[in-house]
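Okay, so chain A shows up in both of these, paired with chain B first and chain C after.
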Partner chain A sequence: MTIHNLYIFDRGGSCLFYSEWHRRRAPGIPQEEEFKLMFGMLFSLRSFVNKMSPTDMKDGFVSFHTSRYRLHYLETPSGLRLALNTDLGVASARDALQHIYSNLFVELVVKNPLCPPRAPVQSVLFRQRLDAFVRSLPYFGPKNPNS
Partner chain B sequence: MSRQGGRGTESKKMYWYLPFISPSASLQLMNSELFTLTYGALVTQLCKDYENDDDVNKQLDKMGYNIGVRLIEDFLARSNVGRCHDFRETADVIAKIAFKMYLGITPSITNWSPGGDEFSLILENNPLVDFVELPDNHSTLIYSNLLCGVLRGALEMVQMAVDVKFVQDTLKGDSVTEIRMKFIRRIEDNLPAGEECCPFPFPWRLPMLSFQL
Partner chain C sequence: MAIFSVYVVNKAGGLIYQLDHYAPRADTEKTFSFPLDLVLRPHDERVVVAFGQRDGIRVGHAVLAINGAEVNGRFTADGKDVLEFLGNPANYPVSIRFGRHRLSSNEKLMLASMFHSLFAIGSQLSPEVGSSGIEMLETDTFKLHCFQTLTGIKFMVLADPRQTGIDALLRKIYEIYSDFALKNPFYSLEMPIRCELFDQNLKLALEVAEKAGPFGPGS
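Our next item is the complex of A and B:
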């Protein structure tokens, strides 16, 4: 069970933060384009889900999975979007994403007067704390040799 | 601008809660007098820096806006409130959760306009003005204008453009403090153009972007 990487986007589509832990395959495109692609996909999926939902919506788009990995998504009403890629062993990382938002992002980035709002996160403390938190998650194990 | 508070007054404590999610959450208490006096010192300094009241009002609004833009994230993180479906729900959340969380008071909501897009918040007591009297030469100063900026900034980050202003103020002799909030419009996301978002041609993407969100 592993965690691959994390993206944080703001409402306008710019990537505020990216961090990876176990990524074994590079996408082959420059990072700028990768972020745009990821944001475009998340945005389209979210609006697709909102539009085509056969029942009343509660949370909207929450996650998708392939045969190799699962992407977990959290969006705040203020437009901040977090996307976490894990392997298939993790059923729901919503709590982890909520913790990253409430206890790490808000406390260390939003409340920091030196961090301009909606600018890429430069804070070293945030990166360190996030890293410590992700490594402490029960599903952050060594790379699964079978996956 | 301030007068002495009564010696016998008990200082009220404001309860600031750490996020509910944290298992080691504890209460942090802050003396409300400290908060009131800090705000008073801020307004006094602004009055010294800017000669006329209008400029001070604008500056307070701007500062409030910058606070509101960040405060909304803290509010969303702590209160776990989801997106509001209409302006009435927004009014309830502002009065019953937000004001309670940050200022310890619960204003009442009244005077809804027939279209449901304007309402008033009535504050019986305003913690910002506890020891304050307005002198005569500052009769057009809106002392608590920071609150208007905060509300405006916070709602703008959840895609609502609102107009907020004080219509009654206890500092000017009215019996209550009344803040009027008017919904102007919903702010739509502006996204980068289709090509920038996605370098690969997905034929289904363009129709999707035109969905109303």
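Our next item is the complex of A and C:
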């Protein structure tokens, strides 16, 4: 049970923050492009889900999984998008994402007068606290050698 | 506990089969007097609510019927423009039915191709080695399950989030496809599936899967 990486995008599509813990596969494309591709995929998934849904939705797209990983998604009303990749053992990381947003991002980045609103996050404190929080999650385990 | 629809997509991303098994309808019909307190605007080929959400009528809902007669896109059954009709006080009081717009076949084609690409991107952005594409997409109102065969055909099932046994159902649909579509000498590969036996057996399989309910079919 491990956590691979986390992306935070603002509503314009720029990646504000990226952090990885256990990533076993290099993307094969430059990081800028990977961010754009990830944002594009999330944007399209949201609009796809909106059209496909047989009834009105409240939360929208929550997560998806493939044969190897699961992506959990949270979108705030202000358009901030958080995407967390974990392995398949994690059923729902919505609470963790909500905690990352309200207790870490809002407290340490939004309320920080030195962090400009839609610029990439430079705050070292945010990175440290986020790292500590993620490592303290019950499903953050050591690297699984049998993957 | 329901299975909403089944889509089959070919190697190139084109939709070759689509079945709507169950469509939960949440339409709201209300009588209004002039002036209308909802703001309506034209969107694509229909008239949607832009502002004024109330009583089950949400933003994004389309005008489905006026005075009981179904509207035809942006025109009423008589051929008058819906917005003009609703702007004329002489036509009130009027009874309008609002609801989610049903997908047209063109839209289904586009959505299937969109998913085909998203499936591939899901595999490309994987942080792990050897990942497949998106196998299950979860939202709060439905779950989309996708099974890709070795030949590149994708079977997608849209179901209620609590429905179980969908993996077995996907394998069963693959079996039905190979029995009634592939073995049919008049069926060309990668083309739309128009085989009666495929339809019949698919509907049977869906009913079996739904009846099995939360306990899943004993596989």
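One rule holds for everything that comes next: the second predicted complex is superposed on the first by the 147 of 147 C-alpha atoms of A that agree within 3 Å, B and C clash if a C-alpha of one lies under 4 Å from a C-alpha of the other, contacts with A are read in each partner's own complex, and residues count from 1 in each chain.
One rule holds in what follows: a residue touches a chain if its C-beta (ideal position, glycine included) is under 8 Å from a C-beta of that chain, and two chains touch if they have at least 3 such contacts.
Quick caveat: nothing in here was measured; it's all calculated off a predicted structure.
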Would you check which partner chain A:G79 touches, where first means chain B only, second means chain C only, and both and neither mean what they say?
first
For A:E20, using the defined touch cut-off, is the partner it touches chain B, chain C, both, or neither? Pick first, second, both or neither.
second
Chain C versus chain B, contacts on chain A by residue:
C
Of the partners chain B and chain C, which touch A:F61 in the superposed model: first, second, both, neither?
second
Once the shared chain is lined up, is A:S44 touching chain B (first), chain C (second), both, or neither of them?
both
Check: chain A residues flagged as touching chain B and also chain C 37, 40-41, 44, 48, 51
Once bound in the complex, which stretches of chain B touch chain A?
19, 21-22, 69-70, 72-74, 76-78, 81-84, 157-159, 189-192, 196-200, 202, 204-205, 208-209, 211, 213
Per the touch rule, the chain A residues reaching chain B in their complex are 11-13, 29, 33, 36-37, 39-41, 43-44, 47-48, 50-51, 76-80, 98-99, 101-103, 105-107, 110-111, 117
Residue numbers of chain A touching chain C in their complex, please.
4-5, 20, 22-25, 27-28, 34, 37-38, 40-41, 44-45, 48-49, 51-69, 71, 85, 87, 147
Would you mind writing out the residues of chain C in touch with chain A in their complex?
4, 23-24, 26, 58, 60, 100, 103, 107, 111, 114-115, 117-118, 121-142, 144, 158
